[in-house]
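What follows is a set of notes on a single structure, which appears directly below.
Order of writing sets the chain letters: A, B, C and D. Residues in each chain are counted from 1.
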C-alpha cells in the first residue's frame, strides 16, 4: 500500500498473544491511530488462548473486539482433508503443514472484518517468507476491498533491540524468556510443527536434537510396533480402530500415535515462492500416517486412469497451496477433479507404526477394484485370456517398430 | 505372432537356469525344432551363474551358444542412475526395481541375437504381467525384425503338474525344493527384490515376515544409527563416505547399509499395464537411500523452476518405465530434459540410517543455490528488500481481486 | 472373444442400412444363428433413415427388433458441448468429430441390448482403426457383461469380391453405385464429415477437390463477409444472433454458416491409437466456428489460472476422447475440472465469417474479468500502482540471479 | 531499485530513436547524470535505423556510444525457430511475436553493457505490461550485477502533456505527427506486429480496419490461391520452393507471402503476467504459415509418443516465454526435450495460401513414419494382423470392466 492511501480506521489483527504480535498491535494503534480487533485462532497449536485475551485487554483492546475461535474442526475438515485427498506433497517431501493453515486464517480475518466493519487486516509475517503471500492472496480473493497491513514490511524496527525498546516504551510485558532471542522460530498447528531460522540457517549443519519438539526421537520410541486401522469414506479418514471420530479428533489421535513412534520428522531445504531457498525442520506425525494410509486405500479402490491423472496434477496442486493460491479458480478446479475421484475411496487400511515408519500392511474395501480372479497365478477359469496380451503388445509396439525401421533406414 | 508365420530357426532365450526356463528351453527345441542360445545375466540378483551354464550344457546347448554376462555396471550406470536422476516413483511408492531391469535384458537379447544370427528371442514371463510387455516392447524398439516367443502365452502346460510332467519326460533335473510349489514368486536384481503371488494374493492379509528376504526386520536392525555421506556428480552418486566407487559398487554398498538398517520395505498394490491390480512386497534397500539422498542434493543445487518441472513430468516418466517404454522416443526426450537439469547436481548429502528410515540431515555443495544471505532472519545488508514483497503480492493478487469483484457483482 | 466362448443368442447391430452392415447382419445370422436387433442412429449424418428400416425388414429383421433413433440433441448436448468446453483439439488440429460420436453409439447399443435382453452387440468397424476401440471400450465401461462382435476381425471375407459374392449369395440388394469400390471412405455426423482411405492413402498427394463434400470450396464462398454473434451460457452456445436455440439446432445452423463460407477443412495425418499413422480429410464447419467463439468468450470470462490449467490438461483430455476413453474415470474427472471452470463462461462473441476463416472480432459479457480501468494507457486513478511491478519483477528474478551467480562462480 | 542505492554511472538504453526513448535518454542524463550508451536493434521491424543514430548524436551521445545492430538472423535462428519447434501458442491463439523478441534485446543490452563497462541498462516499457518483466528477467539471468532502470515506473511524467513539455524543455525534436496521440500503440519485428491500447481498449468494440497495417485485408487478397513448399531440417525451415535460404530470409519471404494473402490476423484478449487482461491485434503472417507447415511435417516424421509429450508440455513452454522466462533453467530444460524430438523432423510440406488461410495439402519425407502398408484399406500382406486389435482392446478395457462391475456392485 502506498503512503498516499488513506490510513485504515479499524484493523483485524491475527494475534497470537506473543511479543511480536503484541508489538504489532501497539504499533497499529500508534502508527495509524486505528481501532484494533484481535483474532486468535485455535488451530491445534497446543497453546492456551486465554492469555491472549488477557494480554489484549491489557493492551487496551475492548472486550468485544477480542475474537478467540476454535478452528480445529473446520481446519481439518475443510482444508487438511481436501488436501490429503490429493496426496499433496511439495517438492517430493513436504506435507504443507504451514501452507494449508494460512488460507483459513485469511478467511477468518475477512469474516471478522466484515462482521465488525473493519477496513483492514494485519498479520505478523515477515517480508521474506511465504506466509505474507498466503495471507494476502487469501484476503484479496475473499474480499478485495479489505486492505492488508504487513508491519514487518513497513516499520523501521529492524533489530531485536529496537523491538524490545518499542515494547518497553509501550508497556508491553516481555516474558523473561523472550529477552534473549529464540534459537529458531516455530510455527505449529494440528497438522505440523515447523522450525526454521537462526541455528537452522546452514543446511550443511545438522539440526540439534532439541529442535524436534513434537515427535519422540526414534531412539526413544517404543520397542514394540503398534498396529492400527484407519477407515476412509470418500477419501477422508472417518475412524481409527473402528471408532468413528470427527476430523480434528482423527488427526489429534494420529498425532499422538505418530509422535509416540517417532513418525514424521523431516529436515528439508525448500524453494520459497519469493525466490530463495530456506531450510526447515518439519514434524508432521499424524499427517505422515494419514498420507500413507490414504495411498493404501486408493491402491485398491482407485482406477489406474484416475490415479495416474491425480498423480500427474498433484505437483501443481501442491505448488498452488504452497504459494498461497488456495482460494484461486485453478485450485478449486483441481479440487473438483480430485474430489470426483474420491467417490469410492472407502475402506480400511491396516498400518504398522514403528520406529519412525508408518507402513501399510493390509487394506480391504467393499469398493475394491482388486480382482484376485484376474491376477492369480492359479487357474483363473477364463477370467483373463493370456493370448490377449500378444495383441496388446503388438499394437503398443507398432509405432516403436515403425520408428526403429525409419531410424535404421535413414542411418544407412 | 500368428501360427502361419514361419517357425524360428534360432532363438536366444533369457535363461536363469531354473526349472521354468529350463522347461522353456526344452519346449523351444521340441516345439520349434530350433537351435537355442542361452543368455544368463548377472544383474546382481545374488545367485551363482555357473550352474546355469552346467544346466544348459546338460540340456544340449552348445558351449558357444551359452552366454553368461555380468551386467551389473551397465545396469546401474545406464539404467538405474538415469532413472534416479528423475526421482522416479510409480504410483507414489514403487521404485521400479523390476521395471528398470527389463529393457537391459531386451537390449542384450537383441545384441546376442544379432551377433549369433538368431531370428527370435524368448522369455519366461507370463501373459498376465508387465514383464512380457517390457521385454517385447524393448525388442520391437531395438530390432523389429526379431521375433519374440512367449511360451507362457503359447503352450498348453497350464498347471504345475503338467510342467513337472513335461520336465520329467524331457529329463530336466528338478531340484527337490521345486517339487512343491513356492509360496510366492521372487524376482531380484541389484536394485530390488520383489515377491508376489500365491500367499500374497489377498491384499487384506498381511504378508508373513519371511517374505522379506533381503532386508533385516526393523525390529532386528541395529539400535545405533549410522551416519553416512553420499557424494553426487551431475545427479549420479559417485562416492560413499568420501570413497569414490563405481556405480554398481555404490549400489551394492547402499544395499548392504539399507538391508542392515531395515530400510526399503514396501507392501504395495499397483496397477499393471495390462489392466489389473496386483499386490507385491518390494525390498529396495539401497535405492531407498539413494532416492532420499538425491532429493537432498537437489534441494540445494536445483533451481525451483527446473525442480518443479521435473516433479511435474516425473509421474509420466515413471509410468513409461513401468509400462515398458524405456526405448521409446518420449522416454528419451524426457531423459534429455532430466539430464539437462542435472548439470550442477553435484555435492554431498549426510544421512542418518536407523530402524527403517534413511533421513537427510545435512547437505552441502560448491554448486549450492542456497543463499544464507537472502534467507537470514538477521540483518541481510540489503540482499533482499522486503518492500519488494508488497509489489510481488499485489500483482499476484490482481487477478484474484478481479475474480472476486466479478463474482460479487454477478451474484448480487 | 475366443472360439470356446458360447455363441451370442441375440445381437444388437449398429446398422446403417448400407451394404457393409447389411452383410454383417446376414453374417451374424448365418455364423452365429442368432437373433439380430438393428440400431440405426440419426446423428445428423444427413441421410434418410427409413431405407434402413426397409432393408432390415427385407433381411428378415422383425419389426420390433428395428430401432431407429434420433440422437441429434443428445449428441450435441451431452457429448459435443462438454468436449467443446475443453477446447479439445487432437494433435493440434483435429476437432474429434468421429471420436466424440462413438461413445454415444456404444451407450445406445448397450441400452437397447439391456432393453431387449440381447447378450451381445456388433459393429462394422475394421480391425485397423480407432472406432473398434471406441465402440468396445464404451460397451465394456457401460455393461461388461455384454459381448462385442467385430465381424471385420473375425470373418474371412477379405476382399471386395468376397464381400459382394457373400451379398449375392444371401440376397442382399447391392446398389448399383456400390458395385465398384468407393474411391474413399466417408463418415459423417452433425459435427463433421471425415474422408479417408484409398485415394487419400498417400499423404504426399493432394486430396482431389471432390473429397470435400460438405464445405463449399473457399474459391466459391461468398465474396462478402458475414457477421454473426454467438451467445454462451456456462460454456455452451445457447443462441445465434440473439435467437435462443437447442444444442443440435445451434450446431446445425453453425454448420450451414461454416459450410457456406468454406470454413473448417483439414487435411491431416494423425496417429491412431492402434499404432499407425493415417491421413484423413476432415470437414468441421460448425465446430470450427464454435471453437473459435468459445475461446473468444473464455478470453474475457475465464481467469488466467483456470485457463492455463485447462490448456495444460487439454491434450490429455483430447487424447482420451480420441482413444475411446470417454466413459473412463479419468475423462470424467477431467470433465469435472473443466465444467467447474465454465461457471461464468457466459456472454456473447461476434465473429466474422469469410473465405475459410471464422475470426472473433468482439466479445462482451456481464461476467467479464477484463478491466479497462487497470489496463488503460490513460490515467488509471490508482487502480494499478506501477511501482508494484518492480517488486514483482525483483522477486521473480531472485532465483534467476542466484542461478546466474552460481553458474558464474563454478565456471571460473 | 530503492532510492538509497548508488546512481548508475553508465547506462545502456534500448533506444528506438522515437520520441519516448529520446525522452528517456534525456531523463537518464538529467536524473542520474550518467553516461548513456544507445542500443538500437534491427529485428526486422521495417524501420530505417540511421535516423536513430542521428538523433542520438543530436542528443549528445558520443559516436562510440551508439550501437546499431542487425539482429535479424540471430533473432530467427536462436529464438524464433527454437520456439516454433515447440508449436508454441499462448492461450490457444497467440504466436508470441513480441514475447520472443524481448530476451534477445536483454541479451544484447547485457553484452553491450559488459563490453562498454556500463553498470546499468534502461528500457522504455511501462509498468503495466509484460515487456518490463521480460527485459528485466533476461538481464537478471544473464548478468545479475547489472542494474535495470525502468523510467516509466520511476519518473513523474504521468501524462502526454508532461512528456511533451519535458521534450520541449530539453530540445528533443518532436515529429509533427507525434504531437497528437497515436490512436493505438504498435510494436513490430520480423515475426509480428502488435497493436494495442487506446481505441482497442474495449474488447467489445471491433478494431477499425486501419489497425492491421502489415497484412492485406482478406477482401483485397488475390483471388487465386498460391501453392508453396517449405522444407524442414531437424524442425527448422531451410528452404522455400526448393530454394535454400537463411533463417531470416525464410521468415521474410513467408511474411511477404502471408501478408499478400491476408494470413495471420488475430484479435485477442490475453492474460498478462502482471495480472490483468489486455486486448491486442496481432499480425503474424509468416509465423502463421510456419506453424501450419511445422505441424504438417511433424505429422509424418514425429512418433505419437514424442508428439503427445510435446503437446502436453507446450502450454507451459509458451507460458514461460510469454512471462519472460526464456533464460530460465526450466525453459532450457524444456528446449532440450523439444530439440531432442526434432532430430528427424526433416522433409517438405506443400501448402495452399488463400484468403487468410494457410493449409497443408501434402507432405513427404525420407524420414516419414507413415506406413501405407499398415494403414491401407487394401490387402496388406500381413503387415498388420487385425486379430491383434482384439487383445489390445480387451486389455485396455479390463480396468474399465472392473470399475463397471465394482460400481454396479456397490450401487445395488
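Observations, loosely collected:
Criterion: a contact is a pair of C-beta atoms (placed from the backbone, for glycine too) under 8 Å apart; a residue touches a chain by one contact, two chains touch by 3 or more.
In UniProt terms, the chains line up like this: A, B, C, D = Argininosuccinate synthase.
Source: prediction; values computed, not measured.
Chain pairs A-B and A-D differ in how many C-beta pairs are in contact, and the one with more is A-B.
With centres taken as mean Cα positions, chain B sits 32 Å from chain A. With each centre defined as the average position of its C-alpha atoms, the distance from chain A to chain D rounds to 39 Å. Counting partner chains per residue, chain D shows two or more touched chains at residues 271, 274, 276, 303-305, 308, 312, 316, 325, 328-329, 369, 371, 374, 384-385, 387-390, 392, 395-399, 402-403.
A complete topology is adopted by the chain contact network, contact being made between every pair of chains. Of all residues in chain A, only 303-305, 344, 366-369, 371, 374, 384-385, 387-392, 394-396, 398-399, 402-403, 406-407, 409-410 touch chain D in the complex they form. Contact residues on chain A toward chain B in their complex (touch as defined above): 1, 87, 91-93, 126-128, 132-133, 136-137, 140-144, 150, 152-153, 158-159, 185, 197-198, 201-207, 218-219, 223, 225, 265-272, 274, 276-279, 295, 299-300, 303-304, 307-308, 311-312, 314-316, 319, 324-325, 327-329, 350, 354-357, 359-364, 369-372, 374-377, 379, 384, 386-390, 392-393, 396-397, 400-401, 403-405. For chain A in complex with chain C, the touching residues are 2, 271, 274-276, 303, 305-306, 308-310, 312-313, 316, 325, 328-334, 336-341, 385, 387, 395-399, 402.
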